[in-house]
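Take this structure, written in C-alpha cells, and hold onto it; I'll ask about it next.
Here the chain labels run A, B, C and D in written order, and each chain numbers its own residues starting at 1.
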Amino acid sequence: MEFNFVVGDREEKLIAEEKEGLWSCTVGDAAFEAEVVRVGPNSFRIVSGGKSFVTYAAEQDGKFYISLGGRQYSVARTSGAAKRRSAVGGALKGEEVVAAPMPGVIVKVPVTEGEVVAADAVLVVVESMKMENNIRAQGEARVKRVHVKAGDSVNFGSALVELEPVSKQSA
Amino acid sequence: MKKILVANRGEIALRVMRACREMGIPTVAVYSTPDSAALHVQFADEAVCIGAPPPLESYLNIEKIIATAKERGADAVHPGYGFLAENPDFARRCEEEGITFIGPGSEAMRLLGNKVESRKTMVAAGVPVIPGMMAGGSDCAALGREATAMGFPVLVKAAGGGGGKGMRIIREEKELEESVSSCMREAKSAFGDATIYLEKYIEQPRHIEFQILADKHGNVVHLFERECSIQRRYQKIVEETPSVALTPELRQEMGSVAVRVAKTAGYTNAGTVEFLLDQNGSFYFLEVNARVQVEHPITEAVVGLDLVKQQIRVASGERLSIKQEDLRQRGHAIECRIYAEDPESGFLPCAGRILFVKEPQGPGVRCDSGIFTGCEVSVHYDPILSKLVVWDETREQACRRMASALRDYIILGIKTTTSFLADVVQHPAFLDGKTHTGFIPMHFADWKMPGPGESELRMALLSAAAFSRNARGGPKARGKVGAETEAPSPWVTGGRWRIAGIG
Amino acid sequence: MKKILVANRGEIALRVMRACREMGIPTVAVYSTPDSAALHVQFADEAVCIGAPPPLESYLNIEKIIATAKERGADAVHPGYGFLAENPDFARRCEEEGITFIGPGSEAMRLLGNKVESRKTMVAAGVPVIPGMMAGGSDCAALGREATAMGFPVLVKAAGGGGGKGMRIIREEKELEESVSSCMREAKSAFGDATIYLEKYIEQPRHIEFQILADKHGNVVHLFERECSIQRRYQKIVEETPSVALTPELRQEMGSVAVRVAKTAGYTNAGTVEFLLDQNGSFYFLEVNARVQVEHPITEAVVGLDLVKQQIRVASGERLSIKQEDLRQRGHAIECRIYAEDPESGFLPCAGRILFVKEPQGPGVRCDSGIFTGCEVSVHYDPILSKLVVWDETREQACRRMASALRDYIILGIKTTTSFLADVVQHPAFLDGKTHTGFIPMHFADWKMPGPGESELRMALLSAAAFSRNARGGPKARGKVGAETEAPSPWVTGGRWRIAGIG
Amino acid sequence: MEFNFVVGDREEKLIAEEKEGLWSCTVGDAAFEAEVVRVGPNSFRIVSGGKSFVTYAAEQDGKFYISLGGRQYSVARTSGAAKRRSAVGGALKGEEVVAAPMPGVIVKVPVTEGEVVAADAVLVVVESMKMENNIRAQGEARVKRVHVKAGDSVNFGSALVELEPVSKQSA
C-alpha cells in the first residue's frame, strides 16, 4: 500500500505492507517494522524498534489528526501529486488571495481597491469568538480586489481581498 | 430554592448544574439554536431554546431569560461568568421579579462596574490604588515632588488620547524634565492638548487576586489569593495558588484589604478583588470581579470549599458557616485554560468540530469541560473549551502533575492550547516562580510546536494509514454527526492563496 | 530511583505509574499475553510481556519479574496491591538483588503475615485484640469468669473445626452452662474433640482502619481512619473517611495504637492497621495490610497527601517531612469500588468486552480507572474495574456527590456495580451513618435493579432502534476491536437451558 | 419500521417512522413522538412529551446496552417470533442443561452421572476472576450427563451438566 501525506510543508510517502497487525514500512529511505494494535475506536498502540507508542487518530475531510506524546500533528492525505507549498514570507511577488483564517463576521475593511498598502497594514478585521482579529498584509502590495464588507459572514478559507505586486503598475 | 435557571453555556454551566444536582435542586438550561446538543443542555433537567446564535438574541437576552425562568417556575438564576454575570440591569430585573440572583446585589454591582466611582470609593476607604496625578502645566519641580512621592519609576502619558502616544518611562528624577517636555510636545501635536498624566509605573507586576465570600448578614471572609500573571492578550491562561510572591504577612494584609473592599461596597456572595503587586511587595487595588471566576477551582482545591454551593447557600440567605481563622491553604493548585486557539498564530480562535476527546484522569486532577467527542465549537462564543486543574502537595509537584495531565489530554480536530500550556508550566522561569504579566510576550512570543522527530513522524504517518484502513470505526462513519461537507479548498482557485494569520 | 517496574495491572498500576511520571521516574510495565492492549501497558514507558494469563505464570512469577527488572535496568519495584504485594519472598528476592521494594521490609512483612505470631506480638505490646480463650473442660464457673471478664455477649465455638458447627452466642451468664454443654456435645460428635473456644462476640461491628506512614529512620505517623464497613462477601465495596463513629478522643487513641503496632513490627512505608470497633466504642486489632490499599484515595482527599509519592520517597530513604501535629482531616471522602459483577446474582463476576465507557467528571470527583472503550475484562483477574472517589465539605454532600457521579458513570457491555452502589449511598441507614459489616446482607440481600418505567422503556427501545439504524458508528464497526465472534447460543440446542446463577 | 426486542422477560415491539430526526412511535397501545439527536458516537438526546432524556447505547451480537438516568438496560433484538422464556424456579420438570454463567475454570465437580441431587446441591464449582462460584441445582433432579471435569476451561454458556427429572426413573 502507498500512502501520500502532507505534514506541515513537506510531502511524505509511506509504503507499507500489513499482515495481522505487523506493518513493514518505508518512509523516505528508511525501512522499519511496527506492530500496530488498535486499542480503541481512536487509539493505537504501536511497538517499533523496541519502543512503545500510544497514538490517537481522527479524520475529517481527508485530514488526519494525530496525537502522540502530548503533541498533535496533522497529516493530510494527498493524491501523491500535490504541489509543495512554498513557505510564506518576504515581499509580495506574485498575486495573492488573502483568505479568512477562521469563520467569523467582518467588522471593518480599512482598505479600498487600488490602494497600495505597506507590509503589516491591516487589510480586514474579522470578529470570531468574541475577539477582533486583524488580518495584515505580509508585504507591500496593491489591493486588487476586495471581496467582503463589514457585516459579512465568512467561512474558513473565504477570499477576503486579493493583492498584487506594487511593481505591476508603478514600474 | 426550588429550581435554578443557569443563564450560561459551556463548562461553567455544567459546573453550576452539578452543584445544583448535588444539592437536590432541579436545573433549567437555556440555549441558542446551535447549542441544542451542547453538554449543558444534556445535563440539565429541563432545557429551553431561547434564540438565535448571536448572544444578544439568546444568552444576553434579559427579557427572554426572565420569561423562561418564570414560565419554568425557576425561583433563582445563576449567571456563571461572562454574558450577564456582571450586568446590573439583569440583577435588578431578577430582583424586581422576585427571582433570586445568585451573585451580588445590583447596587453593589453597579458601583463596582463604574471604575472611576469605585476607585474614589476605595481611596476614601483607605484602599491603595495605583498613584497618579493630572498636570496641565510643566512645573517640573512640582511634578518631580509628585513623582518622588509616588516613587520612581513613573510613567508620563498624554491625558488627551491613547495608543501610547508620547508615553515615556521615567526611572530617575534627572530624566524628568526632558521626558515631560517631550511628552507634552507630542501630546500637543497629536491631540492638540498638552495635558499630561503621571502614574506610577509598575514593572513586571504580578496579577494577584483575593477570593472573597460574603453573606447577607455582614459576614465576609477571604479565601486567600490566586496569582494570574500568565496572560496572553491581557487574558489569563494559567492561574495558581498560593502565589510564591506572598509572605504570610503580605497575604494577611492583602486579605484584610480585600475584605475591606467587599464591606465598603456592600458586597454579598462570591467575588474577587484584583490587585497588581509590584516587585517591592507594594500592591494596588484594580477592580472587583462581581461573579464566580473562571479560576475559582484552584481556590476550592487549596481551601477545601465548594464555591458554587457556597454561592447558592449565601444567595438563599444562609449565614456563612466558615470563619476566617479556620481557613487554611493546603498544597498547591494550578489551572490551565484550554482554549480553541492556535498559539502559533497569535492565539487565533479555531472553530470547528471536535472529532475526539479524551480527558485526563488521576489523583489531584480535575477537568471542568464543556466539550465531548463530536461536538461543534461555535464561532459565536468565547473559545474556552475546558479548564484543567491540578492539586499536589507542593508547587513543584503540581507543575509536574499539570504537565503530565496536559500530555494525557487528547483533543483532535481543532487547534488547542494544550501543548503550549505544557511548555509554559515546564519553562525554567515558571518553575522558578518568576511570573509576571509580561511572561508570555517575554518567553513565548514566537512559540512553535516542535515538529515531529523522525520516529514521531513515522508513528504519525503509520497511525493515519492504520486509521484510514479501518475507517469504518472512524468519526467519518458516525452518520449525522460527521455529515459536514468539506469547505471548498482555497488552493484550487487561481493565484496564490494565503490563509491569513493575525497581526 | 532511576526506573520503577510496576508489578501489577489495572487501575493501581496506572495510579503508581502516574506518580512515577510526575516524579520524573520512567516506568516498566509487565503484562500477561491477554493484557497487551491494557491501559497500564499503554501508559508505561516500557512494557514487557512476562507470560501466560494464569497469574502464577505472569503477575505472580517472581523470578520472571526480577529478571525483567534487571534486564530493563529498573532499580525499584512497586507491587501495587494484591498479586505479590504482601509476599515476603518477593520482597526478600528484591532485597537480595539490590532492587528497592516499595513497601515494608521482608521481615516485618513476614511477621505481620503470620496471624498467630503477630497477634502474640501485639498482645505483648499492649495492643487490644479480640479477647478469647481455649477450654478443654467444662468448668462453667471458670468459663463464666472468663466470659464476664471479656464481657457478654460471647461466642462459644468448637476449637476442632469450622463451618459454624456448635457455635452459639451467649448473651447472659445464665445461658452459659447450657450453651457450653450443647457446643461441647456437637463438637465431640462433629470433630471427635470437645475442646471449645470462647471469644468475645462483636455485634454489628464497624470495620475501622488507620493509614500509617513510616520512614526508615523510625518516624511513624498515622493519617487517620477509614471506615470500610460496607462489604459484600467480606470484601469492601464502599469506604469513607472520617468515620461517623469516632470521637476525637477515640480517633486519637486508635491512631496512637496504630502507630504502636507499626513501631512494634518494625514497619516501614505505607500500611494499614485494621480494627473492629464494637457498638460501645471498644476496638480490637485485626491485622496489618502491608501495602498501599485499594481505598487509599479517600485518605489522600481528606488529608491532602499523595500516598504513592510518599511511598516512593520513603522507600528511597527520605525522611518523612510531615509531623503528626500538622495533619488535619478536612471534609469528607467516599470511595465506591466499581466491579465487573452482577449485584442481582450474588455479585457474580462478569467478564466480557466493554463497549463504551464515559467516566464522571467535576469538582471533588476522582476516577482511578483501568478500563476504556473497547477493552476486554479478563476472566483471569480480580473483577475490579475502577474506583470512584468523591470529596465534599460534609458527609451529606459527599453522599449526594457520589450518587450524582455514579449516575454519570456509563459503562456499557457488561454488568457492573454502579447502579447498586448509587442505591447504597442513598439508603436512609447509610445516610444516617448506621453502617456495620452486616449492612449489605441486612439491607440489600435481595437488591434488584428497578425495571424501566413506562417512559424509560420507550426511550430505551427508541435508543436501540436509533442506534441500530446508524450502526456504522457503533462498536461493531471498529474492525479488529469488535471482531469477536458470537458465543454459541445455549438456546439453540435441545432441552431447556439455564445459565446458572451462583448459590 | 418495526423493531422487535426482548427486555427482561418481556417482548416489546416498537413501530416507528423517522423523518429528519423526528420519530413517530408506537409501543404496545401507546403512541408518542420524539425528537432524537445523536450527540456523539454512542449517545442521544431525546425530547419527548416535553421531557429531555440523554441515553447512551452500544451493541454487540444483537444485544443493545442502554444507559439512561444512571440505570442500565439491555434490549435484545429478536426476529419477532422469539419464544417467551419461562421464569426459572420451582421443581425440575423437564430436562435441563445447566450452562456456565461466566467464562472460567472448573475447580470441582462434586456430582457424578446418575446421581440424584437435592434442590440447591452444588453441581459444579467454577473459578472466575479469583473467586470460586458454586453452581447449584434449582430443584431435585438426576444428573443425566456431566460435560466437564476439574481443570477444564469453559466459556459463557458452555454446557456443564444435564439434569433430568427424578420421576423419570424413580416413578
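The criterion applied here is as follows: contacts are C-beta pairs under 8 Å (C-beta built on N, C-alpha and C of every residue); 3 or more make two chains touch, one makes a residue touch a chain.
Since this is a predicted model, take the numbers as computed values, not measurements.
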More contacting C-beta pairs: A-B or A-C? The answer is A-B
Per the C-alpha centroid definition, the whole-Å distance linking subunit C and subunit D comes out as 30
Separation of the C-alpha centres, subunit B versus subunit D, in whole Å, is 52
Where subunit D touches two or more other chains at once, the residues are 38, 41, 43
Two or more other chains are touched by the subunit C residues 470, 473, 475, 478-482
Contact graph of the chains (line, ring, star, complete, other): other
Those chain pairs meeting the touch criterion are A-B, A-C, B-C, B-D, C-D
The residues of subunit A that touch subunit B in their complex are 1, 3, 5, 7-8, 12, 14, 16, 18, 23, 25, 27, 30, 32, 34, 36, 38, 41-44, 46, 48-49, 51, 53, 55-62, 64-73, 75, 77, 88, 94-104, 120, 122-123, 128-131, 133-136, 138, 155-157, 159-160, 162
Interface with subunit D, subunit B side, in the complex: residues 36-37, 41-47, 372-375, 475, 478-481
Listed in rising order, the residues of subunit C that touch subunit D in the complex are 233, 340, 345, 348-353, 355-356, 358, 378-383, 406-408, 410-413, 415-416, 418-419, 422, 449-452, 454-471, 473-476, 482, 484, 486-490, 493, 495-503
Per the touch rule, the subunit D residues reaching subunit B in their complex are 21, 37-41, 43, 45, 52, 54
So, in the complex, the side of subunit B touching subunit C is made of residues 14-15, 18-19, 21-24, 297, 300, 304-306, 308-309, 328, 330-331, 359, 361-369, 392-393, 397, 400-401, 404, 470, 472-473, 475, 477-482
